[in-house]
Structures are given as structure tokens and as C-alpha cells.
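Here chain A shows up in two complexes: once beside chain B, once beside chain C.
Let's turn to the complex of A and B:
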């Protein structure tokens, strides 16, 4: 971890328009919760279903895509990454520092609003905590996956969008086997284990889910550092 | 003392060969990397800077490869041609961040020293995004100098600079060269390189073409067969008078245009007016037929 890189990344990622976009998305989760609460009677199960559909299926992948790519993609695109690469700093340190900022951003702007939405929908403390834990797990994994994707390919946003929209929402709902490779299912498994019994069901067992979350997170972080170490800056002449 | 060494190095991008079997050694003092646009100068600098792996051969700094070796940046300072920087930072913040990333003991003081070196102290609290091209170049320079590197690599540093900034940079680099640092800069302008570099390395079309001090390069470039087209009051008389002298390699007179191939630039320059006067022929126009830099460079490659 390097404080200077954390500071530069946070300034670059959250200064300017991206912060407004993320803030607006965060507000939207809360607004949906408030509107639902005002318009229809909501049971604990309804709340869980809504959070699952809105926060887990849509917002978290989208946030992960924005912060995971946003932490490093602009610098790679315009070449300003040389400022970091031309320094005696381990590439793993660069990746870890940027990842910290991405996870911080997703926690503040997606995990906390998800928990807030749960509270607004009238969910009990246990359910709120369960969705918070699940959202944090999903947010962390999405952040690192999309950050890795950005270091590996210039088409990270397209591939990320296809994954977030197609794989997580569509393929998962038609092909049961695909669900065990869905970050959303891993996160739901974490939520299921904390929430009151029967409220949330996940297709992946808790042990497998935790293993995949932790293993995937560590492996992707390490591999992103390795790939950054061999990132070539294309010559322009 | 630091030495950069490129040995039998090639770099290709797909089917395009950008650097073709180049070997050179760059020691202390100022070295100019001269070549036309697209000659592979930037690729060579990127290889030296450790931003690209060579497809074949080795690139080392004091014996250690620069690729995949972040520790090399303790010794290396790099100023790229790309303009992109962290536009949201002020000049001072950018240089302080560089100092911190280098792990310097007192980043603030190091940054002030570097900013003073490039005369950017007055503008240090403005955002980099608001700087002119020349100011950006200087603040990038300060950022590259903040750790007092033994080796400095600069890609086309004089591009976009006004004469005053140019002079300032020349002085700065001369000072660094005199201190025994290794300075390598690229340029496609002979005069620029000649003015500053002790040693010149010429690359053309990805290949090593020539090296030496500026006198040798200048001689290689001027002492070569030159072609002139001449318009005079009597081309036929002038042609026959010129062909009598051994410094004329050939004369042709086609469609009323007199073309002369001279063996040696200096002798011919002296010969032509004398012969014309003796033959009582008025020279109306003398123009070199192949003076473009490209033809000079390609001549160097052919030899």
C-alpha cells in the first residue's frame, strides 16, 4: 500500500464528474427504497427480494465496473500511468493501493446505500447486516475483477458490461450451472448465512462461496500486479 | 557514472519492425539520438526506459535489464513526449507526489529544488491542466529530476518550446552533462542535436546509421555526392567547363535542364562560381536536388 498512490487515485477517480455519477446512482437506490415504502406495504421478504433484484443484480456490478475500471483505466488510456510506472514502486503495491480506493468508493457509495435502503424498507438489523456483508463481498470482488480486466485489455468496459448484464442477469437465470460462477450468487450465499432463515436463498454453498470470494480476490489482485509489471506503453512513432 | 547499453536489440510490433538489430552504448555526457520521424527513436527510448521489452537482444543500465525492473528508476529520470499528466494536480503537487513515490526523505524540499531548476516556482500552484505546452514540459522535467537521477532520457524535449525555453533547457542539460550524468535526448533536427550533444547516434528506419561527434556527422552528411540543378545564361558551355574538373562526377543536359553531380560538397561550392566566371556564363539559379533530411539520412544508411 502506498499513501501517495491512494491519494492520487482518489483524487483522479472521485474528483470531477465520476463522483456525481456515482453519487446519483447511490441516491437512486435510496430513492427506490423510499418510493417503494411509501407506495406499497413491504414485508421483510419483499424487502429482501427488492434488494436482491436492485442492489445485487444491477447496482453492485455497475458500481464495480465504474470504480474498478475508473481506478486505473483513464491513466492507461491517456498514458499518464508512466508517472507511476517510472518510479521504484512495486507494481503489486500500485494495484493494491488502487484497489483500496475502489473498494472504499464502492463501500461508501453502494454498500452503505444498500444497507440504508434495507433500513428504509423496514428490514430488521440482522437482514440489514446480511445484505451489507453480501454487498461488501460482491463489491470487493467486482472491483478487483474489473481492475484486472482493465490491466489486461483495452476493452475492459465493453467486456465488463457484457459480463455484468449478460452473465450475471441472463445466463445465470437460464443456465443453473453458470450460477456457481456468478459473483452475485457468492454474495447471496454470504447474505443467506447471516439473514434470518429462509429469507434469502443462494445456489452456492457458503463454504464454496467464501472460498471463491477470498481465493478469487487474492488471485485477481496478485495477477493484476503481474500484468501491470508487463504493461507495455505503445510507442507513438 | 552510469552506462546504458543496447545490444543486438530488435523490437517489432506485429509485422512492423520498429528497431532493427541496434547496438549502442551511451555513457556520461550528452548524447543526441538523431533520426527522421518514424525512425524508431521513441521505441528505442521506450526500450531504454523499461517501458517495452525488446523482441530480441538486451537493454541494460549498468548491467541490469531495465525491463521489469522498477528499481532502475532510482537512477533513471524520464521525460516522455506524451502530454498527459495528472491535470487535476497543481504543478507542485505533481512534483511532490513524484518525490514521495521515489521515497525521498524530504519530498517538499526536493520538489522545490526541482521546480527551481526548471524555473516553474511562480506557476507551481496552478493546475497542470491549465499550463501551456511548454510549461507542462517543464513541470514534467521537474518531476523527472526530483530524485536527482544519474541518467536522464528525454523524448523530443525541444518540441513546442519557444526560443527562450529552448535556451534554458540547453543550459540545464549542459550542466547535467558537465556533472558526469548520462543524458540522452532524441530529435529529428540536426542543428538541435549538433548544438548540444557531444556524441550523436543516428538511426534511420529502425537501423543504426552512424555515430560520432557532431563534426563527424556533419562531415558524413556534407561530404557526399550532391546533385544540383542549374539554370545559367549558357548551360551547354557551363556543362563542358564543369565536366573538365575532377570534382564533377557527372553532367546531364536534358530538356534544357542542367543537372550536375558533384563528388564533394565543399570543393564543388568553390569550383562552380570560378568555372562560371572563367567561361563567362551567368549563373541564374543553383538549387540542390536532394537536400531533404530524409535523403541525407538514407545516404548514411547506404554506407
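Let's turn to the complex of A and C:
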């Protein structure tokens, strides 16, 4: 970790208007929870279903995409990354510092609001904890995956979108095998293991999911650092 | 002695500048030129090969299920199992809205953000082209592009239905309705995406913002509708919630105007709701046009 890189990344990602935009997104999920609570009496199963549909299948992937690419993409885009790369700091340290900011942002602005929404929807402490753990796992993996994509290709946002919107939902609903390669299912598996029995179902076993989450996280972090070593700057088309 | 030696040196030769005195395009002609150029640019035509990947990739993603469904219709009709299309035309856009959202999100920043980033607006405005013409050309190009994306698979489905010898009159009517719906989808989505894209010169940021708005609003609205319709058993309220996301808004108009089944847990219920959906959708397009003209009145030349 490098404190200066952390500070500069946080400034770039959350500085000025961006913090308000991301904060508004975070607020949205809480507002939905309040609105649902006011409109209808919700059982714990409904709360779980709503959180799964809104938070897990759209909110977290999109937030991970914004935060994961936002940690490094602007610098690569405008070429100022060369100033950072020229400093005597290990590329792995750069990636880890940026990742720390991304995960911090997703925890504060996506995981906590998700848990807050669960509380507002009247879920029990065990369910709240389960969704928090699942959201944290998903947020961390999405952040590192999209950060890695940004280092590897200039079209990270588009590839990330295709993965998050089409692979996880569209392909996953037709081809069951695709679900074991879905971050969402890994996170749901974590949630399933903590939540009261029968509340959430996941298609991936807990052992496999945990292995994939931890393994994917570590491998992607390491590989992103490696790829930063051989980064080439390309011009805008 | 060669002639070159005797010629005076250091002269800049006047090769003669010839002014153009042919016919010049009118303001309308230039607007149409910008429209055609933008439409080609959205699909990546005239740009590098990698710019074609996403637009045409999404076209393929939109077409593939239609081709499969058309084949299913022909085979199913041949076996005597089917007497109508498997998927109603009007629901096609809703089913494949992920691909639609990605297409729109990539196309709109391509159409306007790059002009902002590279300050090309002054070059356009140096011609007898007004700022409002620019907005109209971009909006029209974007709407045409999205409409083409939606209409192509509908035509494939229609041809499949004709080949399967379904009732041709009924199929043609259904197709016409779905095309009208596609036009409204195209207008609403284009307006929304261009307004967002015109606020940022960064393409990546525009893409993320448009997709977030489209996908998150749909996901929130449809799951809220599900909870309200099934748990509280209140289909009327659930129907009204559909007003708050572009996709469900247009779907609601289709449900009311064409009497088709809703793609969401609840369509607009009651005599008042349907017309309200149509008015809101049209007002939304008008509002987007107004916001764009306002935005482009302030862009510095």
C-alpha cells in the first residue's frame, strides 16, 4: 500500500461531483427499501427477493464497474499514468493501493446501503449479516475484475457491461453451466450459508464459491500488477 | 545551360486558387449530411474495425434469438403444434433489453461526447448549420439507429411467421403495432441517452451513466412491481409504478394501445393509466429535445 496513491485515487474517484453522484446511487437503494416498506407489508422472503433482484443482480455489478474502472481508467485514458509508473513504486503496490480505494468505496457506498436496506425491509440480524457478507464478497471481486480488465484492455467498460448484464443474467438463465462462472452466484452462495435456511438459494456450492472468490481475487490482483508492468498506452480512435 | 539555371530562384509560384462556385448544400442538406454521418458512425461504418465490434455484436445478439424463434415457428407449425408466434412481437425489445441498453449506451456517447471532447462543434457551426439543427440531426440519427436495431429482428420473426403459414392478416397487424412500439422505444431511449451523453465529454463515463440509469431503473421498477402486485395484491399501484423506468413506460403504452400482455408483473390498469403512459412517454421525448437544445445553446464554440 502507498498512502499517496491511495489519497490521489480517492480524490480522483470521489472528488467533487462524483461523490454526490455515487452517493445518490447509494441513497437510491435505501429510498427503494423505505418506499417498499411504506407501500406493502414485506416478509423476510420478499425482502431477500427484492435485495437479490436489485442489489445483487444490478446494483453491485454496476457499482463495481464504476468503481473498479474509475480507480485507474481516467489516468490510463489521459496518459498521466506514466507519471505514476515512473515513480519507484512496485506496480503491485500501485494496483493494491487503487484496489483498496475501490473496495473502500464499494463498502461504504454499496455494501452498507444494502445492509441498511435489509434492516429497513425488516430482515433479521442474521439475514442482514448474510447480505452484507455476500455484498462485500461480490463488491470486492467485481472491483478487482473490472480493475484488471481496465489494465488489460481499453474497452473494459464495454466488456464489463457485457459480462455483468448479458453473461450473468441472460446467458445464465438459459445455460445453467454459465452460472458457476458468475460472481453473483458465488456471492449468493456466501449469503446462503449465513442466512436462515431456505431464504436464499444459490447454484454454486459454498466450498467452490469461497475458493473461486478468494482465488479469483488474489489471482486477479496479482495479474493486474503484472499487466501494469507491460502496459502500453494507445491513442484514442 | 539548362533552363532551370536561368529561371529566377526563390519564387513561390502562384498556381491559382480557384474558388468554388458550384452549388452549395442548403442548411437542410447539411443537417441531412450530419444525420447520415452520425447514423453511419453509430454503427461504426467509416470507422476502425474495432468500432464496429460492439454495434454489430449487439445487432447479432438481437437477431440470433429471432432467427431461432423463426425456425421454431416454421418447425412447430410443420408439426402442427403452433398456430402463432412463440414470443409476441411487442415483447421482443423487453426480453433482449440488456443488448438494447448496451447498444444505446455505446451509441449515444459515440454520437455526441466525442464532438464535445475534440471540440468539433465549431467546425459544424462554421457552416450554415444552427445549433438546433445539430441536436435534431443527432436525435434523428440515434432514433433511426435504435429503431433499425429493434425492427430487424421483428422482420425476421415476421418472415418466420409467414413461412410457417400463420394467419397473415393478424401477423401483419401485430408487426405494425410492434413497429410503432419500437419507434416509441427508439425515441424515448435516444432522448434519454443523448441528454446524458451530452453532459460529459468522457465516453466511458457516458456509457456507465446511461447503462446505470436504464438497467437500474428497470430492475428497481420491475422488482417493486413484483412485490406490490403479488404480495400486496395491488395490481393498480403496481401498474402505476411502471411510469418510472423508460422500458416499462413504453411497454405500458403498448399494453394499453395494442392490448398485448405486459412484460412486467403489472401493466397500466384502468382507463386513465394507459393514456397517461402515452402522454408521459411523448412528454419525455419532448423534454429530452428541449433539454438538448438548452444544453447545446451553452456549448462554447
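Heads up, the rule we're going with is that the second predicted complex is superposed on the first by the 232 of 237 C-alpha atoms of A that agree within 3 Å, B and C clash if a C-alpha of one lies under 4 Å from a C-alpha of the other, contacts with A are read in each partner's own complex, and residues count from 1 in each chain.
The definition used in the following text is that a residue touches a chain if its C-beta (ideal position, glycine included) is under 8 Å from a C-beta of that chain, and two chains touch if they have at least 3 such contacts.
Just so it is clear, the model here is predicted, and its values are computed rather than measured.
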Between chain B and chain C, whom does A:107 touch in the aligned arrangement: first, second, both, or neither?
neither
Margin query: One more residue to check, A:87. First (chain B), second (chain C), both or neither?
Written below: first
### Message
Touch test for A:58: chain B only (first), chain C only (second), both, or neither?
### Response
second
Counting only touches as set out at the top, which of chain B and chain C does A:5 meet: first, second, both, neither? first
Requested in this report: In the overlay, answer first, second, both or neither for which of chain B and chain C A:233 touches.
Outcome: first
Note to self: Looking at A:193, would you say it contacts chain B, chain C, both, or neither? Reply first, second, both or neither.
What the structure shows: neither
Chain A contact set shared between chain B and chain C covers 237
In their shared complex, chain C is touched by residues of chain A numbered 25, 28, 32, 35-36, 39-43, 46, 49-50, 53-54, 57-59, 62, 65-66, 69, 73-74, 77, 155, 157-158, 161-162, 165-166, 169-170, 237
Chain A partner, complex, touching residues on chain C are 47-48, 50-51, 54, 61, 96, 98-99, 101-102, 105-106, 202, 204, 207-208, 211-212, 215-216, 219-220, 222-224, 226-228, 231-232, 234, 237
Listed in rising order, the residues of chain A that touch chain B in the complex are 2-5, 7-8, 11-12, 15-16, 78-80, 82-91, 229-230, 232-237
Listed in rising order, the residues of chain B that touch chain A in the complex are 13, 18, 37-43, 46, 49, 51-53, 68, 70-74, 76, 78, 80-82, 84-86, 88-89, 94, 97-98, 100-103, 143-144
